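Each structure below appears as structure tokens.
Presented sequentially are two complexes of chain A, the first with chain B as partner and the second with chain C.
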Partner chain A sequence: MSKIVKMVAQRLALGLLTLFTVSLIIFLGVQLLPGDLAQAILGQSATPETVAAFRRELGLDLPAYVRYFDWLGGMLQGDFGHSLANKREISELIGQRLLNTLFLAGVAAAIAVPLALILGIMAALYRNTLFDRAINVATLTSISFPEFFVAYILIMLLAIKMRWLPGISNISGEIDLAERLYRVVLPALTLTLVVVAHMMRMTRAAIINLLASPYIEMAMLKGVPRWRIITHHALPNALSPIINVVVINLAYLVVGVVVVEVVFVYPGLGQLLVDSVSKRDMPVVQASALIFAATYILLNLTADLLSILSNPRLLHPR
Partner chain B sequence: MTDKTDIRKPGAGFTRREALATGAAAGALAAGLSLAPGMARAASPKKGGRLRIGIGQGATTDSLDPATITDTYMQVVNYGLRNCLTEIDGNGKLIGELAESFEVSKDAATWTFHLRKDVTFHNGKTLDADDVIASLAHHRTEESKSAAKSLLKAVKEIKADGKNTVVIVLESGNADFPYIVSDYHMPILPAKDGKADALSGIGTGGYILDKFEPGVRTFMKRNPNYWKKNVAWFDEIEALAIIDPPARVAALSTGEVDVIDRVDRKIVDQLKRQQGVNVEEVTGNQHYTFPMRCDQDPFKDNNIRMALKHALDREEMVRTVLSGHGSVGNDHPIGPSQTFYNKDLPQRVYDADKAKFYLKQAGLSSLKVDLSVADAAFDGAVDAGVLYKEKAAKAGIDINVIREPNDGYWSNVWLVKGWCASYWGGRPTEDWMFTTTYAAGASWNESFWNNERFNQLLLAGRTELNQDKRREIYYEMQQICRDDSGAVIPMFANYIIASSNKVQHGKVAANWDLDGLKVCERWWFA
Partner chain C sequence: MKSKAARTRGDLLLEMRGLRIEGQSSDAWQEIVHGVDLTLRRGEVLGLIGESGAGKSTIGIAGMGFARPGCRITGGSIVFDGIDLRKASAETLRRLRGSRIAYVAQSAAAAFNPAHRLIDQYAETAVLHGISSRGAAERDGRALFKRLRLPDPDRIGERYPHQVSGGQLQRAMVAMAMACRPDLIVFDEPTTALDVTTQIEVLAAIQSVVREFHTAAIYISHDLAVVAQMADRIMVLRHGNLVEEGTASRLIEAPQQDYTRRLLAVRGHRKDEAAPTVDAPVLEIRGVSASYGGGVKVLEDVSIKVGRGRTVAVVGESGSGKSTTARVITGLLPPLAGEVLFNGEVLPPACGKRSRDQLRHIQMIYQMPDVALNPRQRIRDIIGRPLTFYLGMTGKTRDTRVRELLHLIELDPDEYIDRFPGELSGGQKQRICIARALAAEPEVIICDEVTSALDQLVAEEILKLLQRLQNELGVTYLFITHDLATVKAIADEIVVMLRGRVVQQGGRQEVLTPPNHPYTDLLLSSVPEMQVGWLEALLADRAARKARGEAVMESADQ
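Then we have the complex of A and B:
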């Protein structure tokens, strides 16, 4: 067990290094984009005079490395800083949006993960039957369409024609959990359609892969029922690849939903990042990017950890 | 609201009232251009309800500071929370807002604004001259990043004359100065330690800020002590930023919002057929331009400019790019709803032979030019560029349409490249529009145009208080602009608003989108 603790510690330390590198790359990347915050905010109404005044006020006239180290210094003391554009605290700006993003990702995952696993197991169980093919065609079709297209189709059918669900996900204001869930059903459904295929196919493939192993043949010869072979003998050994693909999809649900946010007017982190990049609001870009990077790092670590824990050979290596 | 604005006549010959009457007539003309059949008739307004507006702009980087407001979202919120010294009413007429009345000296250089008494801010502070002075100073200081800085450049001094009078002295006369202070950049903010409090959202307006989540939503509650009577009917306002056009329509169709702006032109007709939805269209002063840099070859030669002005089919551009929801432009920026719109000026039409003729005058038989476009300039700019190319080819002009990135368009392409696409929301007065974009040396003179006669007339018109003389001046300026300036102005685009039929309103103003940006104050629930 101490090995695992050591591994986690090592990975976390490496994670911090990764975050630092990410922040540097993001800073340089935004630096390379044409224009700066003053020009982006003032847009067509910019004059050389006002742009210069704006830059002076925000310290954008300082050299790039000075601004980076200023930001890094604040960051190390736990101060995310202020949005350059509207002087709001970043923690205040991001806090609620991060919760919104996690809420949507959570709801989508709660639908998608069990659905994908069940469908994957069933597809393996009834391999090469009509059911298997139908499931494959359906999920592959839904993943092949761009997200916004799936979203518009769902809005048209469920919101405009049937009137079952709201057309946009306005979750601001004082609403209870049930109402909140009702309002995120459509985006969560869209995301489900987008991620289910990947997890379902991986589950199916991992299980089918094992079904050719001698120990499964042995179980069959013993007369173990087919569903029991799959759930008791094959699935535990297929967990590692399944966990990995599930976790990748979870990370995607957190960081990659900007299109869905736009279509459903859902106030999550994605839209915040896009707005901040287009206005070159560096502290907000940095904070969002670090949250996304940390999400990937932590989820990857979790995946590896779970893979090791689910596999005795990795848990007790000789 | 009744118009109690008392504008005293400063000198002989000038009657401001006449000017305002002309403005009203022009406003009526604009309303005549409104194309919507199902216009909600003004039944008697009543109080109550929460108006939810889906606005097609707004960003997480928005700020409550009026100095940096650039789009409809913050403009609407701003006019909900705050008032200006003057306002342009639903008929396009200038009336006093926080200024009860205003008067001008003979040389049009000293303006005196008499403030309303007993107006209070949301925090209980009484409005007085200090607030006005601080609010205007907010845009004038060295460190100000205000877009209104250049508008107030000509101001020499702003001083209080007692508690309720503000005197503004200009460096040279400006007969239109009261229009300038109606601009959304210049609401009156409460003074705090001599400085304007721009970030708290406190104003004198009909709604009090409750929650401001930039780029997501703004929640406002009715101001029970609002000094204006018979306006601001809604109990609450919820303004949502819905950038995606189909999402906006879906939100309206499913009853998630009551009003949306910027309806996608391609689906207007479908939306009109939908039950429970009203669509309003107004032709305002919003126009699209293709400015050529007159300080660069080949555009230095007016023959080239004229050749290009004759080489595009405006009718077809309105029909295709605007799907018919607009009107053709005549290469000058003055809209049909404006006071001194020159209606006698012949409409320029597509004429390949004339274009060829002007090319010949320039000593050329063919011409190759680059045109930089992006949809950041206006929705459909890329299509418009391609259409231009198609039609110009028949006149021996090869337009190389370059698609530029939307990101950074206003800093890297506009005012930089030789020929590009651009747009203007329009300005309430001729002087303001010309001064902003066509005067020599103006920061936003997008075609780098410098016409001596035009610039002389501009100065003459600004200080002229006689309306007939002003008309003459502005008529001539429109003609010079049309035949000499570097801007090709193919079309004026309509403002298209869609609303649930539960919402009622009077005549929709043409000066800005969303009923002159005053939808919160002027509309009501049936």
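Then we have the complex of A and C:
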């Protein structure tokens, strides 16, 4: 057991190190962006003196390393700083947006993950049949189209032609959960179509990869039914690669939704990031980027831990 | 449990007529079993014996109406207790498998699912086939574990396969096969992967349960001496044909076919023991201790002397440190303490620090010729490389030398020099490995289990070749093996190792003649002999000695 604790601690430490490195890269990257906030706010007609005074007021005249450590120190104390554009607390600005993004990702994951696993298992069970091929072609097709294209097709079919679902996912204001769910169905469906193929194909491949193992032959010769061979004998040993792919896709659902949020005018973190970049609102850009990075790192850490826990050799040492 | 009162021992249980099976090799189907007949009566044990490729395993598994992927049953009939397995539906077959016909695989470590506890895997069959409840199945499992003399039978089922030793797993698999008290069990080389001392335990376990429950069995093995202990009747197979069939004793005492005689003679090859040399040893290791990554010591104060031109065999069970000794000598694993001397000169511990000449003098031949040869290189380059590397030969000189070496290992140079390893048989590949070692003109060759991956008759030829080369070239062998028959055949001196220590060391006659160190005696007495009833006699003898209060050493893998 102590071995597992050690491995977990190691992974955690590595995660923190990665996060620190990423914060540095984000900060440097933002410095490299062209344009200047003070200039952008004050407009072309502002005199150099006013711009300089405004820069001083915002703290933009300080050396980069001072600003970096100020920012990092603030972050560590939970102070995300203020938006340069409208002076609001960033934590307040981001908070609701992050919840919205997580909500959408959660709904999409709740549809996509079980669907991908079930389709993957069935494709493995009926491998090389018409069903298997149809599933493969369908999922590959859906992943091959750009997501905005998938989104507009779905809007055209389900929102405009059928009028079943709203084409714009506005969830601001006081609305109950059922209404909220109803309004995010379309973006969630779009995301599902984008991520399902990857997870489903990995599930299928990981299971089929094991079907030549002696213990699968043993299960057949014990008279175990086919579905049970797949779910009970192959799947538990195939979990590690499947978990990793599922988690990469979950991370994508949180981090990669920018396009889908824009198409559906969904008030998520991705929208905020895009807006802030165009407004040169660097503290908000930095904070959003760091949250995305942390999500990635946290989810990958979870994948590592689940992989360890799915390995009986590690869980039950000799 | 079904009533078996109506069925009596001696009724026909399984009958195959004109069985034909095809195997797929590079897109084409080729027949690998050519019309074999097989009859098995209730309670009878039938041995199937032959070299690899004889089709014995394929035929055995066909008795369950099963063909492995890449194989298909194309002709003949398979009738099990009145059910035609070739015409039966998939569902009928599934219901038979595990409940009335069970299977015991060669490697239990691979055939148990690593993700589930032993008792779960045991109970699965009985519960799935609706024979007993989960609780009853677990109770029955614990009783069977006890019956098969597994340690701590009440709790061993809670373990995962990787937490249990190879011999124990193999017995747990026998228990699993017995779970539904089947009419027939197919044993597919169940002891081939085990050490001799462990093999005895598993053989005894199989024999006792098969007899107690009057289970009929098909026992597949490449080892005639083992089959002779287990089977009432034996079928000798070769290239998918039946060579000879008869009762075990008839087959061993009066074989009709030449091929059977050759299988029987396998263990007859004996070398004349060379007179001990008085010269200083060519290779010596002194007080070597070693471990992998600073963990538990795998070698503890090991000292071995190897005289020039002699064959020193290092024997022991798996995990005794034989191969680690070879790694220390070659410098692949620098020892924690002790030194390796070559011609009286201390060698640097790590091979990277040794001079090219020091490396040249000690060569190795490995257990698996398949993976020891680069599949993308032609024989010319495989043998030619050490010639260039050690002796600086190039072009025509090198080519001539490669041809000479191929002659030496009895392969026709014109035919083989441009082949890839994939175009050779297992025995031929091992010959190439020998030629590659000889190319360096070494004084010492370390042979690490060089015959254990080969069929017996092929292994025999390799041993003869090694012997001839020693006579002609005076090369010294350090021969690492777990197979005592090989040791008896070729060794001048024997080193017996147990758990990283040398327990005995001496001339062949001395070590092979009891009484000796109890572990040596245990090893020697565990080698199956070509004689019906040998196993019972051995077990009775050990039991009697135990009863008299004598200390009887037991296998480490209990």
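Assorted remarks:
Here is the rule we use: the second predicted complex is superposed on the first by the 299 of 318 C-alpha atoms of A that agree within 3 Å, B and C clash if a C-alpha of one lies under 4 Å from a C-alpha of the other, contacts with A are read in each partner's own complex, and residues count from 1 in each chain.
The rule is simple: a contact is a pair of C-beta atoms (placed from the backbone, for glycine too) under 8 Å apart; a residue touches a chain by one contact, two chains touch by 3 or more.
The shown structure was predicted, so the numbers you read here are calculated from the model rather than taken from an experiment.
Contact with neither chain B nor chain C is seen for A:Q77 once the two complexes are overlaid on the shared chain.
In the superposed model, A:V263 lies in contact with chain B only, and not with chain C. Once the two complexes are overlaid on the shared chain, A:P312 sits against chain C while remaining clear of chain B. Within the superposed three-chain model, A:P236 lies in touch with chain C and out of touch with chain B [touch as defined at top]. When the two complexes are overlaid on their common chain A, residue A:A212 makes contact with chain C while staying clear of chain B.
Partner chain A is touched in their complex by these residues of chain B: 54, 59-65, 68, 70, 142-147, 149-150, 199, 211, 213-217, 219, 238, 240-244, 246-247, 250-251, 253-254, 256-257, 407-408, 410-412, 414, 422, 443-444. Those residues of chain A whose C-beta lies close enough to touch chain B in the complex are 33-35, 38-51, 53-54, 56-57, 83, 85-88, 93, 96, 152, 155, 159-160, 163, 166-168, 170, 172-173, 262-265, 267, 271-272, 275-276, 278-279, 281, 284. Contact residues on chain A toward chain C in their complex (touch as defined above): 212-215, 217-225, 228, 233, 236-237, 312-313, 316, 318. The part of chain C that touches chain A in the complex is made up of residues 61, 64, 66, 68-69, 93-99, 102-103, 105, 107, 110-116, 124-125, 128-129, 159-160, 162-163, 176.
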